[in-house]
Amino acid sequence: MVIIMNTDATEQNIRDVIDAIVSVGLEAKVMEGAHQKIVGVIGDKGRMASVPVEAMEGVEKSVAISKSYKLASREFHPQSSIVRVGDVEIGGEVPVVMAGPCAVESREQLFEAADIVKDGGAQFLRGGAYKPRTSPYSFQGLEEKGLEYLAEARERTGLKVVTEVTVVEAIERVCQYADMLQIGARNMQNFGLLKEVGKCGKPVLLKRGLAATIDEWLNAAEYIMHSGNPNVVLCERGIRTYETYTRNTLDMSAVAAIKHLSHLPVIVDPSHGTGKWRMVKPMAFASIAAGADGLMMEVHPNPSKALSDGPQSLTPEHYKGIMEGIGKLASFMKSEPSLRLFDEE
Amino acid sequence: MVIIMNTDATEQNIRDVIDAIVSVGLEAKVMEGAHQKIVGVIGDKGRMASVPVEAMEGVEKSVAISKSYKLASREFHPQSSIVRVGDVEIGGEVPVVMAGPCAVESREQLFEAADIVKDGGAQFLRGGAYKPRTSPYSFQGLEEKGLEYLAEARERTGLKVVTEVTVVEAIERVCQYADMLQIGARNMQNFGLLKEVGKCGKPVLLKRGLAATIDEWLNAAEYIMHSGNPNVVLCERGIRTYETYTRNTLDMSAVAAIKHLSHLPVIVDPSHGTGKWRMVKPMAFASIAAGADGLMMEVHPNPSKALSDGPQSLTPEHYKGIMEGIGKLASFMKSEPSLRLFDEE
Amino acid sequence: MVIIMNTDATEQNIRDVIDAIVSVGLEAKVMEGAHQKIVGVIGDKGRMASVPVEAMEGVEKSVAISKSYKLASREFHPQSSIVRVGDVEIGGEVPVVMAGPCAVESREQLFEAADIVKDGGAQFLRGGAYKPRTSPYSFQGLEEKGLEYLAEARERTGLKVVTEVTVVEAIERVCQYADMLQIGARNMQNFGLLKEVGKCGKPVLLKRGLAATIDEWLNAAEYIMHSGNPNVVLCERGIRTYETYTRNTLDMSAVAAIKHLSHLPVIVDPSHGTGKWRMVKPMAFASIAAGADGLMMEVHPNPSKALSDGPQSLTPEHYKGIMEGIGKLASFMKSEPSLRLFDEE
Amino acid sequence: MVIIMNTDATEQNIRDVIDAIVSVGLEAKVMEGAHQKIVGVIGDKGRMASVPVEAMEGVEKSVAISKSYKLASREFHPQSSIVRVGDVEIGGEVPVVMAGPCAVESREQLFEAADIVKDGGAQFLRGGAYKPRTSPYSFQGLEEKGLEYLAEARERTGLKVVTEVTVVEAIERVCQYADMLQIGARNMQNFGLLKEVGKCGKPVLLKRGLAATIDEWLNAAEYIMHSGNPNVVLCERGIRTYETYTRNTLDMSAVAAIKHLSHLPVIVDPSHGTGKWRMVKPMAFASIAAGADGLMMEVHPNPSKALSDGPQSLTPEHYKGIMEGIGKLASFMKSEPSLRLFDEE
């Protein structure tokens, strides 16, 4: 940490800052500039958490230098991690696709969707049994019934099941039915949920919060990992900006940022990221080209009858077309040395 | 709801949209423009939730017209509500102040803070026993011990206690010790928590989410009210923007927006809203002048030793000065007819 | 400037960074942490502008410490500045109000507006002769005719005239007619315009850019001051955020930030800041309570016939009511010691 | 346009709205809902610009339906446009690359850069002679000298030259030296400049504003086209969000949005879009996969000595590697039917 003093900070102010640093067992080093003094802190910065240095007199601001997450950081784990869900590898050679309806609406709808998803070549079936909705009057999901249908659809197709868990009480139940737990954007900083999900054995798909920084997102992953679960996959799903044409602004560069900062796999959800089915195809291709480890996409047997997120759901035909393209693009990327990414990392 | 068709929508597309509307018992009316057709939906728009009209062919976009919240809306409840916490009225004649440390750190710190808070004239003692923190390595709060200290401080001072609840499992326990439950910004769309908090009898302070729209915030209030709890107070605490000088951007206009859209009381938290203690005074005065029903402020016996949020905590002296100003300003606002707000509502 | 090296930076990397610093005549000081090294730069940081240190190998990031603006900074000019426009003082004891229609639409409309503005007690008449509009098909202003009407209205009422200049070619002409030049939000970083406006003798009202940081805003003021014109008044007019209920998000805390960082006067425009006339009154009062040196407000003889910005224009009645309130509030603020702001600065 | 009335609007309010619509020669149609009435406007909506309907009593809000830009819209020009700069086609079969240093720093630097750019296979040399900089104390560009060097570099290499024009007075001079004029992000709504650039014969590269919506961006293009210049190429360069890890947030979905809404070519600038050279490669590949018509990238003979934007400049080696990848990826995209985009448009 570097502490920048005010231009009018007194000698006593600086001594107080140094004393506070030393009092937690760290070393302080002062640098004198033309107008301002700077105090550098040397040693394990974790201890500085208990020194509210910005509240001390004469302090202009402090700048954190080391990152607050460790288990999620590439610095301490240089090789990229592979998260295994049964026999499927996320973060390996082949991009993984998770597809399905936004919400499980009925047994029939889910089975039909699952067949389409399987047919197109995805490895995961997605579908919400518990739906976090802005309004209490919107469809809230089939809950346990929805989980049962998901498990049945898995039997039927061999697809892995990923589904969202929104409350601690439901974790155990969801674990019985799902292969992978999803933490939704609205719960990315529901720390109680993160801690408990970290204690169950299942791999976790952690969506980026609506307005979360990359740093906060990796800290959320750290919560899960710190509770004992190293199997975290990150999912970029668009962030909130002033732009209203798209539902969210898909932050494609987050893929490259995560690959640089962390060893965890990262996938992209262009359906929520854009909110428009027309944009899913170009953004899916872009994600693969940017080095994403996979995709999450909404597909519905009949989007115009979907109870949730119809406008961003693909028809079966569009979905199949995109899956073919993804396969071709991914193989080409792998075969062509000039398209290799992150070699310099 | 108004549905705007593409310029190249076919007659069949329009018929399909009309059929979908009629199928849920609503009436459709078509308006023909020079280049585009518009379909208006008449009747209870709640039913449209199950018609994913934007996914239908030929549809450009749909525009919601009626609001999705009802219990929180001033349209259906024109008089301003007063929320009573014991003998304290929030939304009444006198602005209410909730003050105290960000986190309960020790019995001594809390008692000292409570005495200062009481002395300055606030009605509520605030203090976090459960702290949602970005990093798992930061101080997470004293938990139940913290609640006990809060209850003791109440005994000692007669102040009401407001404190945050972050997980469903803790609601019952927090209810035993607190007079008012706080839902923090990160949990504003933790719908499971909102529903359960709606079932307990205690009044709720609902902070605005980090990047929540006013509409989403009122829908979050609707969740609590819909579960049976009408005693909701809203708290503006700054929103996330590109500006980095302040910790958040305090949206002062949200006070006026809430007063127009809703009958619920609204208070302002300038400590989190700005992240800088120097800004608390001018923003506290501005909040009162804008018509806020109260304030939440962080005060710490010794901010430079605070375990959390030191840079935005007031010293006892600053706090007392601000309290005096608030009292003077609020009386003057009330006595002076030209400063009356919201008369036209 | 503080330069933070990567955890895997080599000794050679650090030597290269030091050499680059020394080569522009500055001194470098190395601080060794547990995992990372930090290089501090001592001396006039202006010279570092020519050292692209973040592009050097082994560098993680650099952090600027001193501010890039000087003439606008309170650090080098501790007393608050007063900008004089004729006999009107901005930044003095009394808040200054600039009111009038968004655009000059006709001689009649402007005269009627000017009489209302005068009557209510404002010191300045505002009104756009050159209107920057999103679409080329919107009303673009009366241009020189508009300027003439403004000058006539000044004759008639004795009000000062402030009006926007959007292109370098028009500066001379606008100077002939106006008492103060306005730089609009969309031109805040039109550096060519800033430089030229800095050369004319007239005081300048500099609106904050749509998405400008406070730092960029003060740097824009620096451009004008650096060209020889110290008479700059800042105007907060709302920033662009994800919130759609208001036209912009009025950043009330910018008033306090500017008062801390700069000696220049700052006023607030709640009409553009909110986009809704209903919100002008509470936000005007809040601005005064927050310590603003004045207000800019849109008032129109008949807002429902305005060619531009009708929804945010006040009727004559509302305007007069607000003016009365502002006067009362400002006197009270001044008379009451506990409401004094910025004493601690 | 659709006008939504308040729930408590009177019959007279509705009649007034209808009268206002009819008074500009348009037709109004009323739709009665359960709680609210809606008024639809039929006919050329351009005329509604002069009816400030939101300021009328009883009006809740109005919703624009038709777009305000026409010449830039795909609705009125379904085929994609190709912009020709000499013998280079932008928007054609092959993606176009514009590369070079951020700023022209010296004859030697530019020539060296130009040789590298040419060698790698780009069609355009970019380089700023006039640099808009946040601080007046930063390097402002070599101005006319810079233009001369650019023209010399063109002679030497045969590359086309694209360079920024920041003030009206410089347009003529820049036109003498450049093949294509660039409007920078900070000038996207400098309407005076747009109009004048629309009158010169040169093709224009229009960068998206720092916080411009897609709608505003296309309206800016409309200004240029409306002044007589149809040869506009759009350039996505990242937007301003709360995320601080990247310099801007590259809005990759804007490529797909523009392709849907407009017939104009669109390219991507991953250098400014991310601010980090490490991210240029993945974002360049993603842009091509998303269907961009080209790229703008910063390359510098020696980024660690660049006077501007060093951290985001590529070394010659990185640049060549990326160019090879782009070529391979673009050919593959074209050859593979499943990777074709925008067929459904």
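All chains are identified by letter, namely A, B, C and D, in their written order; residue positions are counted from 1 within each chain.
Throughout what follows, a contact is a pair of C-beta atoms (placed from the backbone, for glycine too) under 8 Å apart; a residue touches a chain by one contact, two chains touch by 3 or more.
Everything numeric in this text was worked out from a predicted model, so none of it was measured.
Colleague: Using the touch definition from the top, what's the fewest steps needed to get from subunit A to subunit C?
Modeller: Step count on the best path from subunit A to subunit C: 1.
Colleague: Tell me which chain's centre, taken as the mean of its C-alpha atoms, is farthest from subunit A.
Modeller: C
Colleague: Of the pairs A-D and B-D, which shows more C-beta pairs in contact?
Modeller: By number of C-beta pairs in contact, A-D is the larger.
Colleague: Per the centroid of Cα atoms for each chain, what is the distance between subunit A and subunit D, given in Å?
Modeller: Between these chains, centre-to-centre, one finds 30 Å.
Colleague: With chain centres defined as C-alpha means, what is the inter-centre distance between subunit B and subunit D in Å?
Modeller: Chain centres of subunit B and subunit D, defined by C-alpha means, are spaced 38 Å apart.
Colleague: Residue numbers in subunit A touching 2 or more other chains?
Modeller: Within subunit A, residues 211, 215, 240-242, 244 contact more than one other chain.
Colleague: Which of the residues in subunit A come into contact with subunit D in the complex?
Modeller: So the residues of subunit A touching subunit D come out as 211, 213-215, 239, 241-246, 249-253, 255-257, 259-260, 273-274, 278-279, 281-283, 285-291, 321, 324-325, 328-329, 332, 336, 338-339, 341-342, 344.
Colleague: Would you tell me which residues of subunit C are touching subunit A in their complex?
Modeller: Result: residues 2, 4, 7, 29, 31-36, 38, 40-44, 63, 65-66, 75, 211, 240-242, 244 of subunit C touch subunit A.
Colleague: Which of the residues in subunit C come into contact with subunit D in the complex?
Modeller: 16, 20, 46, 49-50, 52-57, 68-69, 132-139, 166-169, 186-187, 189-193, 209-211, 215-216, 219, 222-223, 226, 240, 277, 303-311, 313
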